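Labels run A, B, C, D and E following the written order; every chain starts at residue 1.
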Amino acid sequence: MQGLKARALELLNDGTVSRVLGWKIGENTYDPEPAFFETAEAMEQFVYNNFCAANLSKYMIEASKLEGKTLVCLKPCDSYSFNQLLAEHRIDREKAYIIGVGCKGKLSIEKVKQSGLKGILSVTDTDPLKVETLYGDAEVAYKDAMLDRCHVCKGKEHVVYDELYGESEDTSDADRFEQVRAIEAMSPEEKFAFFQAELSKCIRCNACRNVCPACSCRKCVFDSNKFDSAQKANVDSFEEKMFHIIRAFHVAGRCTDCGECSRVCPQGIPLHLFNRKFIKDINALYGEYQAGADVDAKGPLTSFTTEDAEPGVVSQGGIV
Amino acid sequence: MKKIAITKLNDLYAAIAQNQSLLLPIKRAGQTNFGIWTEDAEVDLQTLKTVKSAKDAFFPQSENLYTCYKDGKKISIAPEKLQEESFVVFGMKGCDVRGAMVLDKVFLANPVDNYYAARREHGIIVSLACSQPEESCFCKAFGIDCAEPEGDVVTWLTADYLYWKPVTEKGEALTAQVADLLEDADDKAVSEQKAAIAATVEKLPYANISLEGWNGDALKEKFDSPLWEQLYKPCLACGTCTFVCPTCQCYDIKDYDTGNGIQRYRCWDSCMYSDFTMMAHGNNRNSQMQRFRQRFMHKLVYFPANNDGMYSCVGCGRCVDKCPSHLNILKVIKAFGKEGK
Amino acid sequence: MSEKKNQAKMVQEISGANPYKCMKCGKCSATCPSYDEMDIKPHQFVSYVQRGDIEALAQSKSLWKCLSCFACVERCPRDVEPGRIIDAARQIVVRQRGGNYLKAEEIPPLVDEDLPQQLLVSAYRRYKR
Amino acid sequence: MQRIGVFVCHCGSNIAATVDVKKVVEMARMEPGVVFADDYQYMCSEAGQAKIGAAIKEHNLTGIVVCSCSPRMHETTFRSCAKRYGLNPYMVEIANIREHCSWIHKDMQEATEKAVILARAAIAKVNLNAPLQAGESRVTKRALVIGGGIAGIQTALDIADAGYEVDIVEKTPSIGGRMSQLDKTFPTLDCSACILTPKMVDAAGHEKIKIYTYSEVEKVSGFVGDFTVDIRKKARSVDATKCTGCGVCQEKCPSKKTPSEFNRGLGNRSAIYTPFAQAIPNVPVIDREACIKFKTGKCGVCEKVCQAGAIDYAQQDEIITEKYGAIVVATGFDTIKLDKYDEYAYNQSKDVITSLELERVMNAAGPTKGHLERLSDGKAPKEIVFIQCVGSRCADARGKGYCSKICCMYTAKHAMLIRDKYPDVNVTVFYIDVRTPGKNFDEFYRRAVEEYGVNYIKGQVGKVAPQPDGSLLVQAADLLDNRQIKMKADMVVLATAIEPDPSVRGIATMLTASIDTNNFLTEAHPKLRPVESPTAGVFLSGVCQGPKDIPETVAQAGAAAVKVIGLLAKDKLTTNPCTAKPDELLCNGCGNCAKVCPYGAITYEVRQINDHGIREERRLATVNNALCQGCGACTVTCPSGAMDLQGFSNRQLIAEVDAICR
Amino acid sequence: MSVNEEFRPKIVAFCCNWCSYAGADLAGSSRLAYPADVKIIRVPCSCRVNPMFILRAFEKGADGVILCGCHPGDCHYSTGNYYTRRRMTMLFSMLDFIGVENGRTRVEWVSAAEGVKFSTTMNDFVAKIRSLGKNVRLGDLRCKD
């Protein structure tokens, strides 16, 4: 981390970049916040640890409007989001100096809490995590504290960068589509009950949307009056279904599966399931596609072949 | 002081629910929130903080105000019925109870909000002491005693018993309804728990955070501080902090066309949203910095200025736990503290 | 009847070939080194599959005369690949019969490293009985 | 708030027999915005229209709904009616209560209920209608033809004969194209040059036609009626105004080892050359790659021998910018590469040639002066094998999935010509199918078999193996006799698949004209608009659109010309007002809408924006109304809803949905 | 709902102007009956239909939504229906995924000459929706009468 900080400082000092987009040390190990650093003094608060989960690529939209280059720290999976934003002209490659930072799977304090620990006073980002709580000390295995998305890691390679710093590891140890398949196997009644229970928790805080690098619209369709669709919680829950279906549809073929939506949901709704369902369908019907892997790739929903499957395939046994 | 064995809690719930609806923390799809008790509900008193506060009980996230019906070209209006039956909110923590009192300042002041007032009048609060406070709790800074919260009835949960102490008339009446299930108890176990809680609270990292300088007098100096420009940057402009907050009281009024008429409803709004207080001419706050600043200035400066020094933060720490960018009121207070202001 | 259909379906599944794509150009037969020894010619294989007459294929000399040289597979312009079809038919016969010409342990010394794997597998099938 | 009038038509008894029109009128009066409703026997009649007109005037109507027959029938009628009475024609909506209601339902109550709902939906929509103005754009009365083969020449001649200026851009040094390389043409066996050359001369001499040879289209901007095109005139190194075409330079040029493109590499040409004797213009070019002067600085023979002083080594490429109203693509074809067909030994043996190479061999001006001989040893072949469908009708990646269409006929022609001129030569044709639809085509093929004794064998060749004695062993199947054939041949001719000329890809991109998976240009409609590209103002001529023979090419060239003439004859183009329209405050500039636009109507520009006080430069989508046809594909691709379709806006369609589901 | 009162579904049919709407006109002029439950909305091309419209219809009480366009390859705008095909496949798959009965939505290619197909398609679709019953999973309760 010190090396990364030193390198960032060097680039800031020699004028290569006008600011650094990274993480600022939090109150504790586990709550670093995304931050812009413009001075050497500010850089003292720079931190990069295993709790730095936030995907910084979306902040580059605003950073691209600023004078000078922004040094941005991207983890391997974040670099896909960066590419996708680049493909959609939302950010300017020339305005970014990308340090591809190493990632060995990111940790989540929620996961630590889910292991039953309460009143956490301090925690390390080591394997195992050493946790000091008001009610005693404990240890949590690194894998157990890792974000769900890291269990289906996209790999250790950055798809775009100017220089690399630190080692990465492919932390995948689960089947990416296992949950999707499990739901597909349910009866319509079970599926409906499952999603009804999950979506009824939704408080329409829009965190999923606002954190999503694919949801980069200046004004979301749910915030405008274009479709007479509500941004805020409605008396009937239909709006939540509408919101999540349409949101998933809008990012279909553009979602890099970065998992930020599920990470930030205050109600723990597995929102990535919607996106992954689309990814799975796209892979099955239109060929393997990873958004953000290739800036020049044609998106699956903005292209076609004359031989595509008919929509009826859904009622004829579904898309396998 | 009364008590009931925790093995018999379900009987207690059933007894309460017989006479009025009962809201209490229920775990659903992995998350605990206040909900209406049913036979098969999974009651969860172990989770310290429900994701959303108990605010919904008195000020629901969405509620109908009235409906317009159309008959040919004639229009008639049918107001929504106000709350007429009593209900019990069980398991509110000290911070949430105080949160309701903050809301009272807003909705019960003239002009009184009828919808809210009716719910407050018919709601009976059974609060629960926090046996195991957590690191993000800082209610003590606002003078709240989580070991003995306010409410109509106060309860304490120990390993074996729920201790029950009616405080108000409403509380006494409720106690009378369930008297058959309760047995008399002494204060010993409760005193022990209160002492233990007090000891834990002292160890909480933010329990004694200083609010010095946060009051109506600080308005201009705080408002103009350059710190906001730095602090807001990671904010995603989502509404998580406002929606989990027990005191955020802003709402928006919207219309819904059902095809048979128009329903006018109100729903929580968030000062983090770009259309917050949007008017025909546009918006007063057109940058996220201004919206971000609004939230904290409101809680720590404007509100106390208008309400005899009462902050509209109760230190529940939900926003601290839930902010996707790990921003929170504590970091704001501390940032200003460092500046020496 | 349904047994016939099943076998034809199985041939298609095993070979991955779609006999209906054949446009009867005969390039397979033109290219086949064992043509003269076959009673059913490579370009005719697909007709048997289309008719569902796998039994006739199974009884044919061709089944055992195909060298699995894959010249037809290589040159078929329609991706029908008769070599795979006959290989699939052979496999069905082998599955029905069971029993092998060779013992497993006898194989490694006989294997030439330079031989294509596909050829080996197909040879195992042929000399299995 | 709109002031809407609703007019319910009885259509005699067509509607009134099953729909209670009075009830529809009564119900319509209840709908928001409706200030007037009435019914009439025949709304489309003069009296009916007068009724509408009177109501527009009397009630100050801002929009009208006509409940009648299908809009496909009378929408135009009622729109012009509205216009006559001072109402914007796009403030009219039709509720189809005849085809979609009265004619298919028997029960009066049911049909009436449905008619009310349909009327209600139309009213809900018209409440949100906005007046639309059809735009106008000017037409530059000049056409560009890309490609100077028979397709391009014919198109240019037809356009020019109608009195419009045409420019032809041809990338090689001469016009003429593939047809100029052919020896004879089927089914008449007349000499290709004899029928093509006069056309070339006509084109060159036509006062309305300007020919840019050795030139390429470099950039295209604009849209139908108003294209701006940059043409790169490559440096010829010869001053065309001075050159007399005497040919001495070519004779004297010491660099003579460059394979001749015109002869398909079967012979050589000099560094300074005209591709063939009848080239137009008859002005040579210097191939700078091959020229000794350009390579070493020494030589200069051509300059010395040129009496006219036309040689100009310093000549530079020239960019010509010209405006056009219409563009015709006539880029033609080439044969596919045979690298992947090892079994035919094309790369191993000189005696395995393509049919196009055979054309050159047979041609009196070709590398063998028209003598049929083996290219390896110059001996006269005794046994010739033709192989059909080489790379055509191929499902795999080696070839093309389509039928090249011309091979059956030219092979019959070749076989016939050989048997005619060299009766002692045996000719065998291996075929999969013989396809000869066309006037006098099958008769032609039968003559080859019946009169000329060409041996047609149903079956494909599996392998051609060059033998040590110089012959070729052909191994094939005779499917009808069920035997395998192994025969020796002296020469093998491959009917090689044709494919669009590779240059078409770049041109299609410049024109935003779509191409299919085989690189053929896509037509606007496969049946009804076969010579138009989906991109307005772009037309297709010849094989660039799909395989075809000369008469078909000429016919299509004429058809394309007629379409161009029809376009150029107009002074102004009226544009469809129901076009896509982006909301500049919502647009992200992400570029997805342009990806699905079939007409290339969407481009992006960076503009200064004032978004509620926030001033910044943004990349924004702009729609060219002259190009947009109003399909709406972009609107659904746009996640923020910035892109909307006028006349079928999101809110209008939602209003209809709401009204129906109410 | 009483037993003898037949369930009358609300069905929205989006038809492209060039093929399917004309097909529906042909069904009309050929007097080929289909239930009055079907109400047609005219769109320029099937690719104009936003998934939002379909969800909106269900929200407001529709029991079935059918989308008709030109046959693939015959689109008036040459490629519109190819995009429709992918979009609707995705949308329908998602509706199925969240447990909405998958017969409630359908895409059918109907040309201007296929009046018979239009009519049989609508008859068939209405029968399917009747068998599925009222749409309860994808509607806003406030819009139910």
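Rule of thumb we're sticking to: a residue touches a chain if its C-beta (ideal position, glycine included) is under 8 Å from a C-beta of that chain, and two chains touch if they have at least 3 such contacts.
This is a predicted model, so every value here is computed, not measured.
In terms of the stated touch criterion, the partners common to chain A and chain D are B, E, listed by label. With steps allowed only between chains in touch, the distance from chain A over to chain B comes to 1. Comparing chain pairs B-E and C-D by the number of C-beta pairs in contact, the larger count belongs to C-D. Averaging C-alpha coordinates per chain places the centre of chain A 51 Å away from that of chain C. With centres taken as mean Cα positions, chain E sits 35 Å from chain D. One simple way to say how far apart two chains are is to compare their mean CA positions; for chain C and chain E this gives 48 Å.
Counting partner chains per residue, chain D has residues 596, 637, 650, 654, 658, 661-662 touching two or more of them.
Multi-chain contact residues of chain A (touching two or more other chains) are listed as 219, 221, 227, 234-235, 301-302, 305-306.
Shared contact sites, meaning residues of chain B that touch two or more other chains, fall at 256, 259-260, 263.
If you check each pair of chains against the touch rule, the ones that pass are A-B, A-D, A-E, B-D, B-E, C-D, D-E. Listing the residues of chain A that touch chain E in their complex gives 183-184, 186, 188-196, 221, 227, 229, 234-236, 238-239, 241-242, 245-246, 248-249, 252, 274, 277-278, 281-282, 285-286, 300-302, 304-306, 308-315, 318-319. Of all residues in chain B, only 72-73, 257, 259-260, 282-283, 286 touch chain D in the complex they form. Within the complex formed with chain E, the residues of chain D that make contact are 70-73, 96, 98-101, 103-107, 110-111, 113-114, 117-118, 121, 514, 522, 524-526, 534, 578, 596, 598, 629-633, 635-637, 645, 648, 650, 653-654, 656-658, 660-662. Chain contact summary for the complex, chain A toward chain D: residues 65, 87-90, 215-221, 224, 226-228, 250-251, 298-299, 301-303, 305-306. Chain contact summary for the complex, chain A toward chain B: residues 26-27, 31-36, 54, 59, 118-121, 133-135, 197-198, 200-201, 203-207, 209-211, 219, 223, 230-235, 263-264, 266-269.
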